[in-house]
Every structure is written in structure tokens, then in C-alpha cells.
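Letters A, B, C and D mark the chains as written, and numbering starts fresh at 1 in each.
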Amino acid sequence: MCRFLAYAGPPVFLDELLVRPSASLIAQASKAREAKTAVNADGCGVGWYGERSEPGLYRGVLPAWSDANLVSLCRQIRSRLFLAHVRAATFGEVATANCHPFAHGRHLFMHNGQVGGYERLRRRMDALIPDDLYAARKGTSDSEALFLAAVGQGLDRDPVGAIARTLRDIVALARDAGEADEPLRFAAVHTDGETLHAYRWASDGNPPSLYCREEGEGIVVASEPCDEGSGFWTPVPSGTLLTVERRSGARLRMFDPLAEEAERRVRAA
Amino acid sequence: MCRFLAYAGPPVFLDELLVRPSASLIAQASKAREAKTAVNADGCGVGWYGERSEPGLYRGVLPAWSDANLVSLCRQIRSRLFLAHVRAATFGEVATANCHPFAHGRHLFMHNGQVGGYERLRRRMDALIPDDLYAARKGTSDSEALFLAAVGQGLDRDPVGAIARTLRDIVALARDAGEADEPLRFAAVHTDGETLHAYRWASDGNPPSLYCREEGEGIVVASEPCDEGSGFWTPVPSGTLLTVERRSGARLRMFDPLAEEAERRVRAA
Amino acid sequence: MCRFLAYAGPPVFLDELLVRPSASLIAQASKAREAKTAVNADGCGVGWYGERSEPGLYRGVLPAWSDANLVSLCRQIRSRLFLAHVRAATFGEVATANCHPFAHGRHLFMHNGQVGGYERLRRRMDALIPDDLYAARKGTSDSEALFLAAVGQGLDRDPVGAIARTLRDIVALARDAGEADEPLRFAAVHTDGETLHAYRWASDGNPPSLYCREEGEGIVVASEPCDEGSGFWTPVPSGTLLTVERRSGARLRMFDPLAEEAERRVRAA
Amino acid sequence: MCRFLAYAGPPVFLDELLVRPSASLIAQASKAREAKTAVNADGCGVGWYGERSEPGLYRGVLPAWSDANLVSLCRQIRSRLFLAHVRAATFGEVATANCHPFAHGRHLFMHNGQVGGYERLRRRMDALIPDDLYAARKGTSDSEALFLAAVGQGLDRDPVGAIARTLRDIVALARDAGEADEPLRFAAVHTDGETLHAYRWASDGNPPSLYCREEGEGIVVASEPCDEGSGFWTPVPSGTLLTVERRSGARLRMFDPLAEEAERRVRAA
């Protein structure tokens, strides 16, 4: 399990959301309240959009609370769109390449959850990554494999469909591998630098916590409220997708990657 | 605050005491039960005596639970005398040079506690280190300064007296600096490779926790019991010094570095 | 390219071979003389056999010359069989998981050379690793993939045959992938804790440098001589395998993994 | 010895000067041409001014060429004033706290050179740091001590005078300590976020190399030319100070911190 925070809206300094709040993401590294593991000290990372089309990326293996570089960057960088993450390793060593967010071209992705039985499914998940993307596989985590598989599924032109197809594929391969009992739990944020998508879904109906809040004219999405007065935080319902777009603002809709498959089965029957 | 464990006795593999127990030191890195801070993830270290007169030393900045080197070393090394430590930084960056144990010649030292007001006393404490030892100052922690000051006080030929004089000096300089209200809390282990000294003392009568236990024909000293069935662990009383020698075994005696000073004052009055 | 050194014989302290010589492996990290790259500062590692059946393993990402842990370990550990390596990354991030030696059960392996076109062959090479070993893949280097593939080929019961078959497989898949022009260059050491095998071979007849020398009653194998008076170092010829066994001592023989294939083709024709 | 580069002028992306040139600072980390040591791989750092009054700071212990964070930051950050440094440690462990640049309030400082005999002078140099700045001493390098001493000498209101007095003090204490034969060599850049000062001076007339070049309407100062066509680089003469101000542009003048003292002696005689 891990903890994360994302923001989309008018440019803000990152430290306003990541460092200053009483229960900031950095504080959650040592004392998360709604995570399976209170300690999320297996590395940290931040990705942000500035003047380039591709995002900036900083990742490190130290616990967030002792990473002076992270704090200095958060204080300097002002961004209209950024993702930040503190990791509690499930599978995959503590290594920079296993820290979130993951970047590919103009895309950023981060994940909190688990691919049940990943240790046994890893090779099959790697097989979901297309040949031409395989060189981009730098670490050994389930999250990076999931992201690259989604890139291969067309994240660029059909972001939600690509994520849905990837989750469906993983559920299918777990079932084929006799790991059907192992749940796929997925709280994640993906962005192409313009639109932000935040997902909360699990194959067993029990996804990790996810909240959102208005921040001025922007939107914050986070694993858990990051300030004490958490009155303004709204839980994101299980099985939904929160989309934040520059023009049209935030929108919540149902998200069930298995639905289409269920539908297909009905038709096939 | 930090957590530590030391052993003296017939040679044992380090992992028997540091890795395998249910509440091992490595487990305490993320979940200590009797420490001020449950998380002790600001680095770790182990020092041991093998075939050389001076000890081996391994220290790293990652949390102990994700340090594969530490686990491999503990599994390979068998030693009659070793010290191990997981750090929760109070003052001094997360850096190898600030990790315990500290080594000097054939001596090893580790500490759990605090020098109250250290941030303001640091220069005065550095001044306690003799000129010829100052080049050995590699980090910025209070514990290293205390150790080098004690080396300067004659740790080699009068180990207990040197520690006592150093603690007395620190209490005096805190008083002179108007920091008398800040307590000096000291749970520590020092060894010259033959005799092990474990101290538990505080200027305000409130030292960090310390326990000991027989382990076969050897003795274990630890910040807190490292297995669930903690029936055999004996608390080391506040204001005492536990000495373990090869021939004469373990011995507990009173330790009050300020007593001599009190005596002096009485005489002077 | 990288530099390495291995030793088999009566127990010696590691620092005698790794630290003290004027052109020691640690010195070669910043100034190798016979390597493609003079700087080999992308991490370092040492594996050794002690009292356990499986080896100890220490690996770190800092350049060897600034790794105080490495020096302390080398000074403490005395071993009858050890491997040491300093890395110059070709493919694979600077990360602990990409540092040599690699360990699997009681086996140790390290490599200096290249799998030509690896970036394009990586997926195919990963496919050489059997399913039940895939979870042991921790990094992204060609060397680790080669090692795990060899484990899958039966390194345990037929060490030389397993390496030969693996090299043959890699040459074949490179040919199939249209990378036949890219050479496979292989200077490597493998041991199961008893017998040491040092290989020097390349598909284009141009393998990395490799030397050996008697050290008392033991044998040292190294990428290049590690002392100035290099008179006693013997170059290991290209296309040979040096085997060191406890009882029978050192033996040099021809090694051409493609020979059997050539033979097979002749037969098939 | 180390290598560095600084820029002042219209905002540019950092990678244009630090990453893209054929002999960029990152390339100099493994292959400097005019440094005492060709390898400058003991850490790296960059400090820059953005929207805040105090600078951003990124420092890491890995060699610059393998630091993906450094490259990403250089690609994202656009700045009118920045300093970058790759380190070859003389004294002071490889640790983040010993990496340049050093920051204090709105000041940045970096140094290439040596305080001769520093290991023996260290305590005396620490004594040059005023009490209220001593808590800001995070590492053990001569450069950080020199910088904090200069802050204490009034770097804020009299930048050049403060540096001159500090250098004079160090020369004096070296003389008093019987280290007069050990040279003080000083190529350094200091800035308060507005004006950039680049110094090249040595007590033995033999300072490290330093060059400058026009870059559009800005000025680059560097230890050595960072592109092959080095025709436009001008050597900064020994014993001079290059000052770059927003309004008045670049100006070169004599700099001899000992001159005033010589003068004083003449007067006193």
C-alpha cells in the first residue's frame, strides 16, 4: 500500500499541498491513517508539468520525511498539474525505478493498491507490455507493468478504455493462472498533461481509500485527507472515475472495467 | 529516539538475534513498542568483532527492513560481540556518518537518547573533542560528539570514568548555556572488543528503556524485548551500568555521573 | 564494461587482494587500464563463502572508492572463495539489483562484457528464464538474465554445459532477431561454492581481458593485473575456460559454446 | 578538485548548458580535461533561482552521469541564475551534506580548489563560523566551512569583502598552525540571487582553471569549456574577480585578499 496526492487547476506551489498541511503526504510517509500500512517509507516521488510537453520527474529511495531535495523542489516548483507519491513496497525492491509516479512521453501514472498474486503473475503481466515498450520497463513493480501495458492498449488516444482493458486483462490472466481469489485493488491517477483521471475500483469491491476536494478553482485527489479539518474532503465512491479537465472541470462517473466483459458474455450466451 | 541491541558471549550468527525474532530489531525499525517514536527508519548499522582487533562496521541510510545487505551480513557473520542499531533522527541529517554504531580504533559505541538542547549546545560539545580526535568527527550527531569526547576522556584505560566525566561535562555545559531544563537521556553501549558496558541513566531520572536477557551462555542487551514471549527479559534499572566480561560474566552496579560532582560540591562547601 | 576479481584457495582476508594492491579493483573503479571504459563507478559488489552453504552478498550503488562499508567488509572477512566486481553500466540503471555478483541459492555469478543489441533482445532474453525462476529477476541487466537463464539450463548439475547452452541460445536469438552483427562478449566467473569457473569467450573472437595468477596455494582470476609488478599474471586465452577445484587445482581447457552447434549442423547436413 | 558551471542572464533551460554540450558538466564528471582529477564522481548538485527569493537546491551522491533526477530537473527548470557542480572529494565523505552548491538564505556558493592542510586546520576553520551560524554546518567539507565563515563576515552586505576577509583569515590560521607551505587554491562562485561573483585566486599563484563565455545576452562561468569548439571561451586570469550584474553586465577586476594585509603590514612597519 502507498499514499498519493494529485492536483489539477491554477498553478500552485507544490509545498502548499505536499509539505505545509498538518497531515501532508510527507507526514503520511511515517503515519498514514487510512492505509493498510501506517509506514510508507520505501521511497517517494513527484511528477509535474511545467513549460515542456513532457513532465518533470523526481524520485528517491529515502523516506519522504528525510528527503531534503523533495522539500526544496516542492517549495520552488509551481505547477498546474502534478502527482506525488510515498511508497510502501509490496513487491519490487526499494529502488528508484520502482518509485511512483512513472513517466512515459507526456504521460504520468501512479498507483496505490495491489495486483493480487503478482509474484506468480509477474511474467504474464510483463507479457502484456508490447515489444516496442519493453525497453521502457525499468523496474520490477506491478504498477509499472500495469502502466506500460495500458500505454500499449492506447492510453494516448483512449485513456479510460486503455486502463479498463488493462485491468480486464489482468483479472483474466489471474483467473487463468488460478489466482482468481486474489483481488486486484486499484486507486490510481493517470494524466496526459491535460486531463487528469483518478480511478477507484477493486475486483472484490474493496478498493483503497480515495478522496477529493476543491482547492481554489482546482481539484485535489488524495489517498486520505491531508489536513486535520477534513470536513471538505469527499470520499470518491468505489467503482468510479473522477475526471478533471481544464475547461469542463471535474466530473464523476461509473467505472467498471469488467462490465463490458460481463456484457460480452451475456451476448455470447 | 532509536532502538538497539548488543550481544556478548559465545559466537552466534547475528541473524539469530537481529532478524529471526518476531519483534526483531529490524521489525522495530517500523514498529517499536517502547520508543518515543514507533518508526526508526533513518538508517541502521551493525558493528562486530571477528579476527581483527578492530571491529567491522556496516552502516546504511535505508530503513533496516529494506536493506538487503544488512540481512545478508547478519546471516553470514558469526561473532562473540556485536552491536546493532536502527535510527530515528533527532538532530543530524540522514547520512551514513550519523548512523550508529560509531567506531574508533578497537572501540564501538551506540546511543539511544538525547542531549537536550543539542542544536544550541553543538559547538560547545564539539569543543569537548580534543584536537587530535577532531579529524575523526565525520557527522553532525550528538552521539558521535559524545563518543569522541569520551575517547578524549580516556575511554581506552578508564571506560566507565571516561563516560561519566563526559556526561558530567555535558550537563555542566548545558547548565552554563542556560539549557539546564533540557534533560540528558542516555541509554548506550560501549565496548573495547573485550568488555561490554551498557548504561541507563538520565539527568531527569527518565532514561530510555533498556532490557537484558541471558542467551545461552551469553548476554543480550536491547532497547526493548525482541520476541513476543518476553518473560525472560529483565529491565535494566535507571541509574545503573551493566558490565559483561568474558571471565566474570555480567554485573550490575549503580551509575550516577553527577554523584562525584555532588560530592565535590559538598566538600567545597 | 566492468572489472572483476575472483579468488579460490586457502582462506585470505579480502582486503589483501581487493584493497591493498597498488592497482586494486577499487583503484580500477576510477582508473582501469585494459577496459573499454577507464571509469567503472556504477556500483560495486562482493560475494563470498563463509560458514553457510549459501554465499554472503554485499552490493552498493556508490563508486567502490567511496564505499566505506566495502572496505570494512574486505578487512574483516576471510574467505576461501570470493568474487568482487566494479560496474560500468551499459544497459540497466545504476541500482543495487543491477550490481554484480548475482546470487541464487549457493551460486554466485559475475560478468564483464556485453550482449550486443541487448536493448532490443531483452524481452527474448527474459523469455529464456524459466517460469519458476522469473520471480528471482530483480533488475534489468543482461548479465542477470543470462545468469538466471543458465540456472534454468541446469547450472546446478552441469555448470559448464548450462553456460554453453545459454550462450548458444543468446547467439541464436540475436541471429533470429537480425542482430547477428552484434557480438556477444563474455568474461565471467561462476561458482557453486566449491568449484570456480572463469570463462573468456566472444562470438566475434574479441572477448574482454582476463588474467590469472597463483596466490600462495590459491588462484586469482582478474580482468586485469591488480599490482604494478604484473610479471606473474598470465593472460587467459580467448576461447578457454579456467576451472579451479579444491582437490585437483587449476585446469585450462577449450571453451566454444557454438562448437556443438556447428557439429550438430554438420550432422544434420 | 571538482568542476562547476554558473550562468547569469536571460532565463534559459538548464539542460542547454549542463546536459546538451558535448563536453557538458555531466560529461566532465567522468572525463574532465583540465582538472587535477579526471573523475569527478563523488556527488553533484545544482542550485537555481525561480519565483522565490531563496534558491532551489538539488544535491545527490551518485555520479552526475547516472543521476536521472538531475537530468530531468535540468530539462524542466528555466532560470536566470544558476550554479551546478560535480565533486571530486578531497576531504569530507561522499554525502549529500558535502555536495555543492551550499545554500544559506538567499545565498548560493560553490567551490573548486583546496584549503591546504585542511585535515589539521579543520577545527580552526570551524572556529571561524560564528555561534549563530554553527547549527547551519551540516557536513564536514572545507568549502562549507569557508562559506559559513564568509556569511559570518558579512556576505550579505559586503560580499567581496567578506570572501576576502575569510580567505585572509584562513591563510593566517594556516600560517599560525605551521601549515604555511600548504596552498589555498580557490575558484568559486557566490551569488545572492542578483549579482554573481566568480573568483579565481590562490595563495601560491596557482589557482584551478576558470573560463567565461557570453551566452546570448548572458554570461557562463565554468571550470573548463563545455563544448568542443572552445574558441569563444576566455580564461579568467589568476587573481581576478568576475562580477555579473543584471544592469551593468560583466566586469573583471583584480582580486587579492592578501593585498590589504600586505598594505597593513607596510603601514605598521
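By our rule, contacts are C-beta pairs under 8 Å (C-beta built on N, C-alpha and C of every residue); 3 or more make two chains touch, one makes a residue touch a chain.
Since the structure is predicted, the reported quantities are computational estimates derived from the model, not experimental observations.
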item: Comparison of A-D and A-C (more C-beta pairs in contact); value: A-D
item: Centroid distance [mean C-alpha coordinates] between chain D and chain A, Å; value: 41
item: Sequence positions of chain A contacting 2 or more other chains; value: 68, 93, 96
item: Chain contact topology (line, ring, star, complete or other); value: complete
item: Touching residues on chain B, where the partner in the complex is chain D; value: 93, 95-97, 119-120, 122-123, 126, 131, 134-135, 137-140
item: List of chain C residues in touch with chain D within their complex; value: 30-31, 39, 41-42, 61-63, 66, 68, 89, 93-94
item: Complex contact set, residues of chain A against chain D; value: 48, 50-52, 55-60, 68-69, 72-73, 75-78, 96
